[in-house]
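Following this line, the structures themselves.
In the two assemblies presented below, subunit A is common to both, partnered first by subunit B and then by subunit C.
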Partner chain A sequence: MTSPILRRDLLGTAAALVGTAATLPAAEAAQISGSLPWSPSEGTPPPVEPTQPYTWEFFTADEAALVGAIADRIIPADDLSIGGKEAGCAVFIDKQLAGNYGKGTNYYLKGPYRPGTPQQGPQTLETFAQRYREGLAALVAFCASKHGGAAFTTLSAADQDALLHEMEAGAFYTGPVTSTAFFNQLIQNVREGYFADPIYGGNKDMAGWKLIGFPGARYDYRDVIGRRGEKLDLEPVGLMGRPGWNPA
Partner chain B sequence: MFTFRRIVVAVVCLGFLGVIGAGALYAFNRAYYSSQIAETAAPAPTAGQIARGHYLALAGDCIACHTAPGGQPYAGGLQLNTGFGLVAASNITPDKDTGIGGWTTKQFILAMHRGIGDHGKRLYPAMPYTAYAKVSDADLTDIKAYLDTLPAVHHDVIANQMPFPFNIRLMMVGWNMLFFDLGGQQYKNDPTQTAEWNRGAYLVQGLEHCSTCHTTKNLLGADESGKFLQGTDLAGWWAPDLTSNKRIGLGSWSEDDIVDFLKTGANDRMVAAGPMAEAVHNSTQHLTVPDLHAMAVYLKSLPASDDSAPSPVPANIPAMVAGRAIYAENCAACHALNGTGVPGMAPAFVHSPSVQAQNPENMIRTILAGGHVAATEINPTAASMPPFDWKFTDAQLAAVTTYLRNSFGNAAPAVTADEVAAKRKEIGARATN
Partner chain C sequence: MALKRPKADAVIIGLGWAGSLMANELTMAGLNVVAIERGGWRDTSTDFPTSMDTDELRYATRRELLQPLSVETMSFRNNPGQQARPLRDFNTYQFGWGAGGAGSHWNGMTWRFLPNDFQTYSNTVAKYGKGRFVTGLTVQDWGVTYDDLEPFYDKFERYAGTSGKAGNIKGVIQPGGNVFEGARQRDYPLPPLERTRAAELFDIGAKELGLHSFPVPAGNTSGAYVNPLGIHMAPCTYCGYCEFFGCGNWSKSSPNACILPALIQRPNFTVITESEVMKVNLTPDKKMATGVTYIDKQGREWEQPADIVVISAYQMDNVRLMLLSGIGKPYDRASLTGVVGRNYANQTVSGAGVFFENENLNPFIGAGALAQSADDYNSDNFDHAKLDFIGGANMLIHSTNGRPIGSANVVPPGTPRWGSEWKKTYKDSYQVGNSIYNQGNSYPHEDVFLDLDPTYTDRFGRPLLRVTFDWNENDKRSGHFMADRAVEFGHAMNAKMVFRNEPTAKHFSPMDNLSSHTTGGAIMGDDPMTSAVNRYLQSWDVPNTFVCGASAFANNGGYNPTGTVGALTLWAAEAIKTKYLKSPGALVSL
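Moving on to the complex of A and B:
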């Protein structure tokens, strides 16, 4: 049974909306005549790829090591490709948490706050940065309680997997949510780090794209579109290119 | 000591003579001016004359220089960097105090034909009177009649912002003697050519003043003889060769290609961008097709410039291999892998005069900062090319430019990373990410 919307909440919300609308500036549409405006070097370039050695922006050194170890269990190194840690998934997540994603700038984070249904998605005032801070601390504590104070990074792969399975099943709380939510978030973010463009810190040398045969940021397939069923072996191209662009 | 005294006396004497000379020149100049502008009352211009004057003023592209960015049309104020200092274009609206409202038609013709302004003040040839000298009295009379119908704008322009000694306007008397043949300047029909050719020559040499940008200038800023419309650098843009040179000029363009380009801002092979986009937008798109065709006929008749076609850079050198990869993965979506482009929108590179130009600066700056096609009534879309300054290193940009200059039937010297670095700095483009 879903919680009924209370009349006083509705009225309160409506009053808040009216208050907001009154303070909004009147929208003024830009007027363009003649031709579309244009200026040299227009647009905002994508972020600059993090350089090595990387300085952690959000994680502490311990947190970074923990996230790297988790990434290596979610995507382990095998004979097909490198693991999540080497691919830079922790760097990717660190940059995201230090930026707008971590601050939740694209979420509505003002009241009223009340528990929602699963269909309504996360109903928390917590930002993803806070989720990670609390979630990692809770995992450290859970690990210590299970393994006599040992750190996650020192455990065997099998023990790490067992802990992560328990975490997935909701064995502890991370802040206001169960560990299941944080586990799902980790899975999602590690995947993103493994397959996002290398400028965001992960997908080292486009390893993720090479693994699945994704050709990257190419703009034109007209010359190969007729070659159906053929293995094209197109070398992946990142937003900042690929090694083959450098004349040497 | 004695010798020193002699030198001082000589210098003083010479200085004295110089002052007398300058004074005499000044007096002569004023007298000459008065004799030239004396005029009897002219009949009021007809509506037809004013309409013709409007068309001719568009052909002359007066508005391009005589309007400041965001300013009132024809009210002046645009600063032109001549290479010797700044000159601001004057107010040519009919305002009596700050414009040319008080001028007679004869005064106007004198300025347009001889570069002699109000009270005999010498104009700088940044005002292309060397070209306008070709224009007939009748056409100039109509242009003045049209300008007189514009709203008068009170806008005082400090025209002369040159440093010493270039701020001495009388110096232009000497300049004119050296580079501007006084007398008999108006265009004379060549009886051995067709009427259309003559009309084209009249427009190209006169009102359209193509040579202002497309002809190499000598050290004193005058057209270099024997280089007419053979292309030159224009403040960081390459104004291309317009002779019938097949590799780098208009030799491979048909007359209709030229007409399409000037009328719509693009044709099946090329688009107008940069300063030429302004010329097309402000001026040539307004010309009639017969007038544009006449210009094309004349341009196609210009003897090809000297050119020793280089042999193409081998396709297997590292810059060419990298350039091909960069082209295929960044440029080909619009310009096509085989370099055929999108007619009217994205230039084609096959046997391209623009790509093989003596100076590759237009390509370098366009890949760096992007580009914008001329917007015209017929082709109002004005397609844009995105900037790649953030993406390509100097070496990568040099490689793709070298690749284009030596593919699709083109052959031209390779471009170096240093050339790209210099252009990046010159135009204030971004550094690579």
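Moving on to the complex of A and C:
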């Protein structure tokens, strides 16, 4: 059903377009020959790779090193894939905490603060950025108390794991809640950094997607949906494409 | 003093599915309609382009299309003896935000409720006796039947471009469809979606158990389609970015794709975006609405006068707006009187995690409503004579997405949450893990209700809605029975590992994200003592106010609610057009 209004509007639009074309200044004319007048990824946002050396937006250098070391224990480097630190999880979290997520823009942080039941969810009024600042400081202090003042980053992998297991079990407090809450936050954010699109600063070379065989930001599987149960081996693609699309 | 806009024939609060459908019908009938939407305008091609839509972090993890909790959240408690606390983090309640509402970012499962779902009270009493209801259950008939709504389900499916296979056309059973469904006048407008390996495995299980397998009716287009408004929809590409995402491909049934492109061009329609309705204004005797008061983006207060007010926000916000406006008597748990906030229900969820061997499920190939299902244990589709509960659940396997952040917990229970062992297990599970998901009937109970929170407020300082909910005894029995069925099903599919999932065995928490399908609180019915609106969704107390949405459900079916939201809204719109406009006033006399 096409309403008379719709038809009238369409005619009006068409007339306007004709008028525009007729009055284009001559300077905007172009001759196109031999190849398409565009380059891959032209006109898209700046390159994915963070500038080297990366300038931390939220973390101090010490905090960044600590988060990188934690990311490497939550998702360790092994024969399956690179670790969380190399994948850029600390960079990812830094960028998140410096933005709306860190500020808690979309979350309900109004008081009064009153503890609740587990079913009522987290009750802290702190932003995610504040939770990191406080949580990392508490971890530094806990680590120092257990290891004669040593920094987490200097411990062996086994000692780091042992410390994180204690943190996971709630060995210390960050603000009014046990360290379990902050550890859960770390697991979630490190996973995000490892598996989110590389535009966010992590998932280097789509390592996270390659690990599990996720094809990424593709949006059309009609050509393969009929191959039910087959191993498809689709190379991942990010929102910015993939290296093969941008030959050096 | 509030600024004042010219009077409209009808003002619509919230431009989701219910608001869009109502606005479409009323403007086609010639009424001058103004809709007020709390979020912004959202357009299929420019707001959800496929080149930026496939971003899990932005939309699924951070839930960018949902209403921010800083705008409004709910407070929650499990029982009336507790103090409620605000839900500060994203959770199972998923409010829409912007033109299209939750209809922009839903998955698209487009069910018709079963005939029994509308008449559970009468049918149960007749078949099993009153003693079958556990203490405190407040089951009651809806005041409409499936047959009343059938033409409106059909109309909604045509607008939405639903893909499916009929199971019962005019009483003739259609193999391959849902043989338990109520009789329909004709098949779906589009055939079912493509099948996945998961659907094949489900069919193996269903055959082994003698159950009737069929594809879930989907608000994802299986092919090109032109709806009755002349809007062209394009075939779904199975991208796997549906729930929490908009669809820039014109493939998801949504107000943005199916209604708004036609509606917005009518000169007798206006939408005011980024503006929040504070309350419905009433005459001093509270017998009629005069319009609404809203606050615009600049913080200015406006009055929009209107002859008809349609409250069509999210189910919970419909209830909250009624309470804030003083429409209808609030439910009081102590005296068991009042109706607004009563008969709140959720969804009785259970299931089983299933992990296969030597399979490539390719979970990233999916659509929001791409699922294979069996209805043999839903509602009263099976004999409850030897059981001690009512209702049941639809069982399904879902091929919806393989997004890697959200799938990171799809590993066998007992797997460490971090470290190399988690990593290896996640890699190994990714292609072989899925679940049998039972979404069950949920029946209202006198201890479960919605009211205004005494402590916590929204951005304007108005009380939050307080949710008091926990599983009732019927939910627990039904959930336990259905978890058994899911485990049985997992083994029948030859899964290597099957893990029982029975959330009803512990206290409900919104943080568990079991189901967003909340219903009731402003229910329809035949009796103003036990319902907030009559069978035409018209307020008993303020007859020029209609309340459209899942808030009208007297109980929840074992299905997603949107198909029934659409049908009820179109049914109410028909009553307004054919009855109310001719003779404004109460459509049901007592």
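Definition applied: the second predicted complex is superposed on the first by the 194 of 248 C-alpha atoms of A that agree within 3 Å, B and C clash if a C-alpha of one lies under 4 Å from a C-alpha of the other, contacts with A are read in each partner's own complex, and residues count from 1 in each chain.
Quick note on the criterion: a residue touches a chain if its C-beta (ideal position, glycine included) is under 8 Å from a C-beta of that chain, and two chains touch if they have at least 3 such contacts.
What you see is a predicted model; the values in this text were computed from it and never measured.
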Quiz item: If you stack the two complexes on chain A, which partner ends up touching A:Phe195: first (subunit B), second (subunit C), both, or neither?
Solution: second
Exercise. Please determine whether it is subunit B or subunit C that touches the greater number of subunit A residues.
Key: C
Practice problem: Have a look at where A:Arg218 lands relative to subunit B and subunit C in the superposition and call it first, second, both or neither. | Solution: both
Quiz item: In the superposed arrangement, which partner chain does A:Ile74 touch: subunit B (first), subunit C (second), both, or neither?
Solution: second
Quiz item: Looking at the overlay, what does A:Glu86 touch: subunit B (first), subunit C (second), both, or neither?
Solution: neither
Practice problem: Pick one for A:Met240: touches subunit B only (first), subunit C only (second), both, or neither. | Solution: first
Exercise. State whether A:Asp205 touches subunit B only (first), subunit C only (second), both chains, or neither.
Key: neither
Quiz item: Which subunit A residues lie in the overlap of the subunit B contact set and the subunit C contact set?
Solution: 218-220, 222, 239
Quiz item: Which of the residues in subunit C end up touching subunit A in this complex?
Solution: 50-57, 61-63, 68-70, 73, 76-78, 82-91, 194-197, 200, 228-230, 235, 237-241, 249, 262, 265-267, 359-362, 364-365, 402-405, 407-408, 417-420, 423-424, 426-427, 430-431, 455-457, 507-511
Exercise. In the complex, go through subunit B and note every residue touching subunit A.
Key: 318-319, 321-323, 325-326, 328-330, 332-333, 336-337, 368-370, 372, 375, 380, 382, 384, 386-387, 389-393, 395-396, 398-399, 427-430, 433
Exercise. Would you mind writing out the residues of subunit A in touch with subunit B in their complex?
Key: 34-36, 38, 40-43, 45-46, 48-49, 199, 218-220, 222-223, 237, 239-242, 244-248
Quiz item: Can you list the residues on subunit A that touch subunit C in the complex?
Solution: 1-3, 5-6, 9, 73-76, 78, 80-81, 101, 104-110, 112, 114, 116-124, 161, 164, 187, 190-192, 195-197, 200, 208-209, 211-222, 224-226, 228-232, 239
